[in-house]
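To start, the structure under review is shown below, and the notes come after it.
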Amino acid sequence: MAEPLIFERSVPGRRGYLLPPSDVPGFRADDIVPSDRLRTEPPPLPEIAEFDAIRHYTRLSQQNFSVDTHFYPLGSCTMKYNPKLNERIAALPGFAFLHPFQPAAQVQGMLALLYELEQLLCAITGMHAFTLQPAAGAQGELTGLKIIAAYHRRKGRRRSTILIPDSAHGTNPASAALSGFQVVQLVSGRDGLIDLNELKEKLTKDVAALMLTNPNTLGLFEREIKTIAAVLHEQDALIYMDGANMNALLGIARPGEMGVDLLQLNLHKTFSTPHGGGGPGAGPVGVVKRLEDFLPVPRVRKVGKRFRWEERSRASIGRVHGFYGNVGVLVRAYAYIRALGREGLMRANQAAIINANYLKAKLQPIFPVPFDDHCMHEFVVTLKALKTHGVTAGDVAKRLLDYGFYAPTVYFPLIVDEALMIEPTETESKETLDEFADALLAIEQEAKTKPDLVRQAPQRMIVERLDEVKAAREPNLRWKAGTFLFSPEGSTQRK
Amino acid sequence: MIQIPPELVYTKSHEWARRLPGAAQAGDAIEIMVGITAHAQEELRDIVFVELPKIGRTVKQGEAAAVIESVKAAFDIYAPVSGAIARVNEAVVKSPQLVNQDCYGTGWLFAITPSDPKEFSSLLSSGAYSQQVQAQAH
Amino acid sequence: MDYAPNTDAQLQEMLRTIGVGSFDELISTVPEDLHHRTLDAPSGLAEAQMITLGEQLAARNASLKEQASFLGAGCYHHLVPTVVDALASRGEWLTPYTPYQAEASQGTLQAIYEFQTMVCELFQMDLANASLYDGASSVAEAAALSLRVTERPRILVSEALHPHARQVVSTYLSGASAVLQEVPSVNGMTDLEALGKALRDDVACVIMQQPNVFGCLEDMGQAAQLTHRVGSLFVASVYPISLGLLQPPGAYGADIAVAEGRCLGSPPAYGGPGLGLFTATSALMRRVPGRLAGCTVDRAGRRGFTLTLQTREQHIRRERATSNICTNEGWLALRATIYMSLLGPQGFRELAQLNLEKAHYARERLLEIPWISATFDQPFFNEFTLTYDEAVKPEAVHRSLAKAGITGGLLLSDWYPLLSQSSLWCVTEVTSREAIDRLVDVLKKAV
C-alpha cells in the first residue's frame, strides 16, 4: 500500500515531541532581537503525533531493499553485512556525545582510537601516514588531488593534467576537474587493463598524476602496476589509487609496495560501515613519506603516552572538513578491524574473492565476461546478446527486483556494452549466490521467451517503473499543499 | 529509414546546418541555423533539457556551443562553423521534446553569424552524412 | 570474528566449481613480487571482548552527558527524541545504498523528498538537495557554484564566518583562479561599509553567517541588498535551530543558504558525521551539487519518487559535473526528517525560544561577575562572547571550571588574536538552570 507524505498526515495542533518546560525567567524575543531579524510565521512543518511518525517511517522503511533484508550485489559498492556490534560501540556516550572542542585531556580515548586507526590503515595498505578527515571517497580524492598539486608546487612547477583510465569511477574525473586539473583519458587495452603504450603516449611533461583503481572496475588486478608507477615516477608524476576496491587486496598485496604514492579508502565499503541510504561514509587518505607534510590539518599526535591535535603545518593543504571527519564512521570501522583482526580480515578477503569467482563461474556459460581472467572481488558480464530480444541490462536489473534481489550496478564501467557489474562480498552464503545465479538464468530465459515480462518489470514493488523523463522535464523537488490526491492505491497528481 | 533532408549540410558529430538570409538591414549578412539530426535525436531518446549559448558569444568551428540532456546522459552540441551566436530557440528550452518531435524544424537550436563563409562549404552533404551513419551502424 | 558464513568445506567446493585447485590460483593475476600475505594487525576479538575494549576507550572520554558544557562554535548539543534513534536504527534505513533502483528504494526516496520539503520550509528557500558532507563543505560548494554561475573571479567572505568554514573554502578553491577576500568585522558584526566598498562587479558571491561566529545577529537583509546591487550572489550559512525564531534566509534574499544540520536529531559525535544542508533559489536548480529526489508517476500513473536531474552529477557528467560528491549524509538527513516532523512548527518555535531564554539568562548571570564583560553589545540567539579583565588568565579559569565538571566557552585567541581575553559561550535546551547557576558560583570563586 502506498504511504502518504508525512505532510498529508498533518493535523493542526498535533504534537510529536514535548520539550522540557523553561526553568529560567522569561525573555521575549521581540524585546531582544530587532523585529526585521525575526521570523513572522513558524516554519510550516507537519503536525503529527509520535505514533504517526512511528507508523509512517516504519512503513516507508519497508519499501526499501537493504543489506539487512536483501542480497545487494552492487558492483564497486561492497555492500557487505554491517555488523550490529559496530553500531553499539559507536553509540556509547563516550564516543557519540563528545564535542569537537573539548580539551584533549577530556578525549584521550577518542584520540587514542583515531591514532590507532591511522596506524592500522597504514599497516593494511603499506602507506606511511593517513588523514581520517575526508568525509567520503570523493572528498578523499579531492584531498589527494590537492596534495598532488601542493607536491608539484613545492617543486616549483605547475602541472595541470591528470591521466584517468576510461574504466574509472565518475568521481575521479569530477574530483580532478573540481581541483582545477585537466583530465586526459586513457583508453583501456584489449585485456581491460591500462595499456602501457597508451600511458607513455599521453604522459607529457604536464602530467601531475595518474589516478587508477586497483583492482580496476572490471575486477581485474593491474598486473603492470609496478612498471606503471616506474614510468610515472621517471617524470616525477605521482600515482593515485582509488581504493574503492580495497576489499580485494586485504592480506594479499599492499598499495605501498606497488609504487602507489597516495590513495583513499572507503570505510563504508571495505570496512563494513553502513551506507545509510546514501551516506555517511569516510574516505581516509594515505600517503608515502614524501607527501606526509601536505596532509590536511589538524593531525592527531602522540607525545609520550598522551594524544593531542596538532593544528599547524606549513605545507598542509588545509582543512577539508569542519571538524575531524566522520568520526562516528571511523569508530565503526575501528571496531570492525579490531573484531576481525588479522585472521578475520584475511579470511573475509579470501571469501570475497572466492564468492565473486564462484558466481562468475555459475553465470559465465550464459553471460559472457568481456575481459575474462580470474577476477578479484567483483566481475562484469555483458548482456549484449539480449538486445536481439529487445531486452536491456536495465530491464534485467528491474526484473531481478521481482525475484527479491537488489540489482547489480548497470551500464558501468562505460567500456562494456550492456554491463552488469556484480560484487557479492564475503558475507553472502553459497546458498544465496546459488539462488541469485538461478534467478539471473531464469530471467535470461524469460528475456527470450517472454521479453515483455522483463521489459515491464518490476511488477512486485510498491510502484512500477517510474517516469524519469517526466521527473526531469518537470522537476518537482518538494511537496506543496494541494498538489496531490492521495489514495492507498497510489496518489495521482491533481489536474 | 532515417530522415536526412538533402537541402541541409551536416557534421560528423550529427549536427545539421542551414544557410538563411540574414536580417533585412544587414545587407549580405547570412545566418547559419543549427540543430541535431534525426539520427542523433533517436540515439538520445527522450530529451529532457537543452542548454543554449548566450546570444553574442563567439564560437569556433567544432567548439561545444550547447548541451542536450536525456535522463541519463548529457551531450555537447558543436558549432558547425565559427562565428557569433545570433539567435537561440527559446522554445526548446521550455519544451525540450520539440527536438525529438521536429528536429529539422521547430526543434532547431541556435543560429550563427559566420565569420568565415568558407567553413560552410566544407560541411558534409546529405549523401556523405548518410554514408557515415550507415557506416557507423555496421 | 569474521562475518563470512561459508564454511571451509563450502569454500573448497566452490573452488572446485570455479575449476581451480586452491585459492592461490585465483590470485595468480597478482604478481608474486607484490604478495604480502599477512596483515600487520592484532588478532581478532570476540564480541564481548570488543565491547569491553570499546567501553574502556569510551571511558577515557568525558562525555557531554556527564558534565555541563558551554561549547558551541558550530557544533551544538541538542536533545534527540527517542523515536529518532528507534526508527533510524532499523536496518531498512541504515543498510541500503543510494536509491539508484528507485522501485526498490521508495522508502529512502520519499524520505529524501520529505527532507527536501522540510528544509525548504525551514529556510523558506525554493529547493534543497539531499545533503552534502557538512556545513563547512557546503559553504565551499556554494562558493564553487557562485564562481561557475556568475563567471566572476572574486569571493567575499565575512571575517565573522566560522574560521573552519573559511579554511575549507580556501582548501577547495586553492589552485582555481578565484580570489578569496575577507571582509572585516566591527563590534562583532560584519562591517557592511567595508562590504559595500569591496563589492564590485567582479564579485561572484558574498558569504555571511547568521548568527555569526561570535553569536551576533547580522543585518542580513541589508547585506543581501548591497550584494544584489552589483549582481553578486548572497550566500548565507545559518544555524537551523535558530530558524524557529529568526528570519529565514529566503526572506532576506539569500540565493544560496547552507547549514550544518547535525543539530537536527543527531548527536555531536565529536563533530562528525555532519549533515550539510544546501538550499538555493530555483534559478540555480540545474547548477546545484549533490543528489535531488523528485516526484513523478509510475507506468500506472501512481505517485512515486526517483533521483532526478542526475546529469548534473559525477556518475554521468564526469569532469563536467557540478560537484564530485557521491556519498552524502543520507542517514543523518533521515534523522533530521524524523526530528523535524516530530517537532513541528510549534515545537520548533518553542525550542528556539528555550535556547534564547537560557542563553540570555546565562549571560545576564555571568555579567554579574565583576571581571567579566560582554565583548560585543549586539543581539544574539544562544551564543555570546565574553571578555575577561586583563588581569585574569582565561586558561587558568577554564582549568578550574574543568575541575568542577564544567567545560567553559571556547577561548577565541587561536582564531582571533585580538580577542585573546575572550571566549564564546553556548547555551541550549540541554543546559539546566542549575548548571548555569553552578557555573556562576564556580567562576565567582575562581578568581
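When the chains are written out, they are named A, B and C in that same order, and each has its own residue count from 1.
Everything below uses one rule, namely that a contact is a pair of C-beta atoms (placed from the backbone, for glycine too) under 8 Å apart; a residue touches a chain by one contact, two chains touch by 3 or more.
None of the values given here were measured: they were computed from a predicted structure.
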item: Farthest chain (mean CA position) relative to chain C; value: B
item: Chain pair bearing the highest count of C-beta contacts; value: A-C
item: Identity of the most central chain, Cα criterion; value: A
item: Computed distance of Cα centres, chain C from chain A, in Å; value: 19
item: Centre-of-Cα separation between chain C and chain B, whole angstrom; value: 45
item: Averaged-CA centre spacing for the pair chain B and chain A, given as whole angstrom; value: 39
item: Two or more partner chains touched - positions in chain B; value: 49, 69, 71-72
item: Shared interface positions of chain A, touching two or more other chains; value: 468, 471-472
item: Contacts with 2+ other chains: residues of chain C; value: 311, 316-317, 320
item: Touching residues on chain B, where the partner in the complex is chain A; value: 46, 48-49, 69, 71-72, 96-97
item: Partner chain B, residues of chain C touching it in the complex; value: 286, 310-311, 316-317, 320
item: For the chain B and chain C complex, residues of the former touching the latter; value: 49, 51, 69-74
item: Residues on chain A engaged by chain B in the complex (per definition of touch); value: 411, 468-469, 471-473
